[in-house]
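In what follows, structures are represented as structure tokens.
Two complexes come next, and they have one chain in common, chain A, joined by chain B in the first and chain C in the second.
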Partner chain A sequence: MSWTRKILRVDLSKGSCKSEPLNMEWAKLYLGQRGLASKYLSEEVDPKCDALGPDNKMIMATGPLTGTMASTGGRYSVITKGPLTGAIACSNSGGFFGAELKYAGWDMIIFEGKSDKPVYLLVQDDKAELRSAEHLWGKTAWATDDSIHATHQDPQMRVACIGRTAENGCLYAAIMNDRHRAAGRSGVGTVMASKNLKAVAVRGTQGIGNVDDAEAFASATNDGKAVLAENAVTGQGLPAYGTQVLMNVINGVGGLPARNMRDVGFEGAEHISAEAMAEPRKSDGKPNLTTNGACFGCTIACGRISTVDPTHFSVKDKPQYQGSSGGLEYEAAWSLGADTGIDDLDAITYVNFLCNEDGMDPISYGATVAAAMEMFEDGVITTKETGGIELRFGDAKAFVALTEQFVSGGAFSADLGMGSKRLTEKYGKPDLSMTVKGQEFPAYDPRGIQGIGLNYATSNRGACHLRGYTIASEVLGIPVKTELNDTDGKAELVKAFQDATALVDSAGLCIFTTFAWGMDNIAPQIDAACEGDWSVENCLETGERIWNMERLFNEAAGFTADDDKLPKRLLEEAIKHGPTKGQVSRLGEMLPKYYEARGWTADGKIPDETRQRLSL
Partner chain B sequence: MNLNIEFYASLMKYLPPGKSRFRREVKVDDDITLSRLISQFHISEAEAHLVLVNGHFVNCGEDRAQRKLTEGDTVSIWPPVAGG
Partner chain C sequence: MQKSLNIDPGKCTGCLQCEMACSYEHTGTFNPSRSYIKVFTFHHEGRFAPYTCTQCDEAWCMRACPVDAISVDMATGAKVVSDDKCVGCKVCTIACPFGTINYSQATGKVVKCDLCGGDPQCAAACPTDAITYVDADWTGYDRMLASAAKSLPSAEATAG
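== the complex of A and B ==
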């Protein structure tokens, strides 16, 4: 089925699980996954509620193409009010969990209330029940996944769960599924922990039926797969090198931030790049990269499976970390590497394993550590706060020790778990937080690349490259090359990327398809699968509607145009050397044009006529 | 004159023998253009997707054909790649 037309509503306070029909009027306006679940959240949750209180809800949602034969059609998202930002949060994940949820017959699960005791939800097709998770509380995400599989003896069961960092209140905890895949950003895992919900285990055997026009769908998805296979990026570049191929590119063009964005350009970039991951190492002749991997139904397979050098200090005496596991993606390699000034590939691969094992967002974690490192070097914090660790940029041993201390809830973990905004405020250095709306930046410097700064500033979930990946155009020339340092046309570019992404995130597809697919490849797949009109125009308008709805949620939560801003460092401290030397972000030139392009008022409000145009 | 070349990802196979991961210093004709340099190393136009001279993009086609290089320039080349 494209939509199963069924929602599972789990009231954790009462311990009940009930089935209800999907609101098809909303489905026609918001499609699925990100869009449709955000509509439910907007209707059912007070945007001013405490993100970690029982009044917040958490929705796990699939899209209409999740579980189908469409390439990359395995995605699901977690939608909630985020504790890191206080804004609407939507974190998207691949792997196999989303497709399994669909096979069990559900479009989404809405969790509400709070359980008295730790529980996990077991879904086996139509049957859903809450079970005690007291024996799982305190376990890592990997141990939880293993334990649930051992209990149910079903290797096909898919598990999404939280690790210890979520239980400890880390505000950027992730929900891990299939061990290495994460609904990673904005602290959706922390919301799950606040509800005493440790895991969701799903087994579905109902398959997919009821595609609106099966023949047209087979034809549209086959055409789509041919485009992905023939495209040099999705057919060759991503499977061979993964996202990590960007490390040298972004460094080369003068857009790679380093050391808490104090610098732009990292001299150690090549040692932590995709090319370095593929090189045989001296100790055992094997490369860091073991193989690539794919999520459900994906014909691109950009995933990285890696091993750490078994003789490396981080894993030498820890055989459990010497096997292969989820490897470095570009954003994690940047935050754990360049942003901390560390060029030790094995050390950051190991830290990335720990982020997966205990469920935390490596972008926010690395960037928060980077802010702490800057404060340590400036003498604002000392070994008294860090539990005896000399927290200096570039020190891999210190970083590994800190991370081991952090995941087990040791010294300094409460501070680091706040994220860089609250951490730097606590120590009186708020300007050292590299965040928007409280969420840490990913791996592109807005001083070197102008459009991405506008996207960060206006992103509904706080700083995020995946809300509108203008890097595709500004650096990679997809679909057309725009100049990095130009601000002209960037307002329209950002809007177009943001709206198209909102649609893709609501369909069940992976955003990486858009390196090859345009809306003219995507819309026919949705149109064939779903009833109603899913023309290119309607798809784009749906994306715009979703973006505006998210903005309305944030507005009601108390956000204003004043939150569409970048840290002072990026507006005032010019890049010191390299091809982008002398540049700062010129956000002020772009923001008014962006509001205008969106049909908003000069102070960033959505006027009635724009609401009416978008049926909001 | 001497130039620095940097070939990345699948283009590393076109690098002449040498020690560094991506970089080589090479001797080329004084009047060489960017597109001639690229073809001298057997890299096709489709493969030379991102081309930087000293960190600045040079678009394919006429821009590369016209672009003269000078002593000490660094030319960096990537095939079609993406991430995120």
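== the complex of A and C ==
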């Protein structure tokens, strides 16, 4: 079965923790994690509710393969209504927390209501209780993790928690687990803070012993691991270079946005690339990259463990930041680097540490700073607003000072914490917000790469590469190469990636496996682990069902086809130079075809026959 | 021929596949808390270290056991705990200088690596060859080779 078949329901208003059986009828339709928790959210929460009010709920959910020997089977997701977007939010994280929750005997935790005072949830196998977190409130995520470990004297305990930015109301605050893994996007950490919930500490010793067909599972997972090991991306590129392998590649094809997407192509890209991270530096002879590290059960191990040059201005007098910690992944290196015009690898590694330490999404943070920089250069924002900081593109010292000021809640932090949509609206420059549904873009320019723009525009959680990573096809040729600037076939491509991703995110697996795995590698692993029919066809239909269910939540929250759009800059301001010179996003050519491919109406609504086909 | 686990912490990524494989072999569950091999993470140093029994020839645990519950598997050389004889006194856990024999609350006995009867599942599951099962006479040879390679004229080109 692989599900524990148990849900922990925590009512923060009443202070109660109760066990209830998992709805197995829903599990057969929505599998687990993203899909199943979104079903619970859709059934239990009014999509029009205030995301930061007590009526919103927050669900931490594992998948059926979380905690098993399936490669990358350690994922969990946080599902809630997101405060940055007002849409359904689903943020996926690795590390070790998800598997521990499963080993404690729980498929998911549903948090509801709001606590009067700061609390943390302690889960030790079947036992769950809320404890006072008044001594933890105001602490960083790292200090919270340390403090909980010190209190419970259990080195194997796993902690997911929020830092100070969530407490300060930053709308893109993350939930950090295992110090440097994050349920990063859409402000799920802000929802946690709104409930006065500081941390969840879990210790599980029960294990998973109920795999449906153990022999078939061993065979399917071993086959899957062999495919990952033999594939050039998952077997060599990602372990050696991490996702940062993309920096020079994407810049080379003309798809790397820079300076709040004012430009495409960043002249400093090579200085903040994977290759630069591996280069020994002068001061201590060590490279930025210490080693690669894996999340639970992952045989790829793309994670970066890095150090900042101890003589660099950012950490010189701060020994606490001179050790190794979670290093730059591609998206963060882009947002904190190229998008701010900064090519100082040590500075952005340090800022990335601060994002982890105080729990904010580095994509939204970097992109919001980039929007602020553009407004500063345009004279819309001055040093009066920024607390004296000259906020110009490319200024690493200013960025480091700004970030230190931001995490501690200093000047300009309330503005930056709004995200770029609200920030640019406040200063009368809404066209400078590089967002969809209020969420900032990641590191691929929709003018240079057409399909990803359609994916951004239609993503259920706002702009996001992880809803449908068409870059795999458009740049890397996986599973087949499609041309960057073609719009033909992109509607179907985006739909296929979105549906497959929804399924992978519901299984407990990592999306990075899909550089090597197709559904014919994934479905047999789920089918062996779980009762019921998990054929390739059923898995794909489940993914499509989940996508449509999320869309229905957003529709009920008030979103329409009018929200499936890109900023004017990407539709009208052509790329000025490089291999994609002259291009704009041709979203208008793709969107009607996308609605058609999905079986939706011309105005993006889900008609009855599509609902019935998908059992919605 | 006797074989031995050969551990190279430098290759470990901390994925815990070994812990799951070990616990599955011995308890039928994926359950790192009951694994006989442990991976330690040294966060600030950026290092991972898999750790388990090295099967000492003159094993402190075996000598310390007052009820002769630990014996040598003649096929593999593993020091194996007999659950029928072990009384859970934990003296062996004090005697072992490496801490790699441990008490289990789940069974009331001590537990340790038994080399899975000659087919250690941790080594089979390790994706990076940080754990291998090699001819016992060859433990450490890979590091000796790496060290020897440093004396080559082309050392700069191939090292690191």
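The rule is short, and it goes like this: the second predicted complex is superposed on the first by the 615 of 616 C-alpha atoms of A that agree within 3 Å, B and C clash if a C-alpha of one lies under 4 Å from a C-alpha of the other, contacts with A are read in each partner's own complex, and residues count from 1 in each chain.
The working rule: a contact is a pair of C-beta atoms (placed from the backbone, for glycine too) under 8 Å apart; a residue touches a chain by one contact, two chains touch by 3 or more.
Being a predicted model, the structure only gives us computed values, none of them experimental.
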{"item": "Partner chain in contact with A:Ala561 - chain B first, chain C second, else both or neither", "value": "neither"}
{"item": "Which superposed partner A:Leu52 touches (first chain B, second chain C, both, neither)", "value": "neither"}
{"item": "Partner chain in contact with A:Phe296 - chain B first, chain C second, else both or neither", "value": "second"}
{"item": "First, second, both or neither for A:Gln156, with chain B first and chain C second", "value": "second"}
{"item": "Which superposed partner A:Thr307 touches (first chain B, second chain C, both, neither)", "value": "second"}
{"item": "Chain B versus chain C as contact partner of A:Ala411, first or second or both or neither", "value": "neither"}
{"item": "Which superposed partner A:Leu540 touches (first chain B, second chain C, both, neither)", "value": "neither"}
{"item": "Where chain A meets both chain C and chain B, residue numbers", "value": "none"}
{"item": "Sites on chain A touched by chain B in the complex", "value": "231-233, 236-238, 240-246, 248-249, 252-254, 270, 274-276, 279, 302, 329-331, 465-466, 469, 471-472, 475-478, 481, 484, 511-512, 515, 578-580"}
{"item": "Residues of chain A that touch chain C when the two form their complex", "value": "67-69, 71, 96, 99, 103, 156, 179, 204-209, 225, 229, 239, 290-299, 301, 303, 305-307, 323-325"}
{"item": "Touch list for chain C against partner chain A, complex", "value": "13-17, 20-21, 23-24, 27-34, 43-48, 106, 125, 127-128"}
{"item": "Footprint of chain A on chain B - complex, ascending", "value": "6, 8-10, 12, 21-22, 46, 49-50, 52, 54-57, 59, 76, 78-84"}
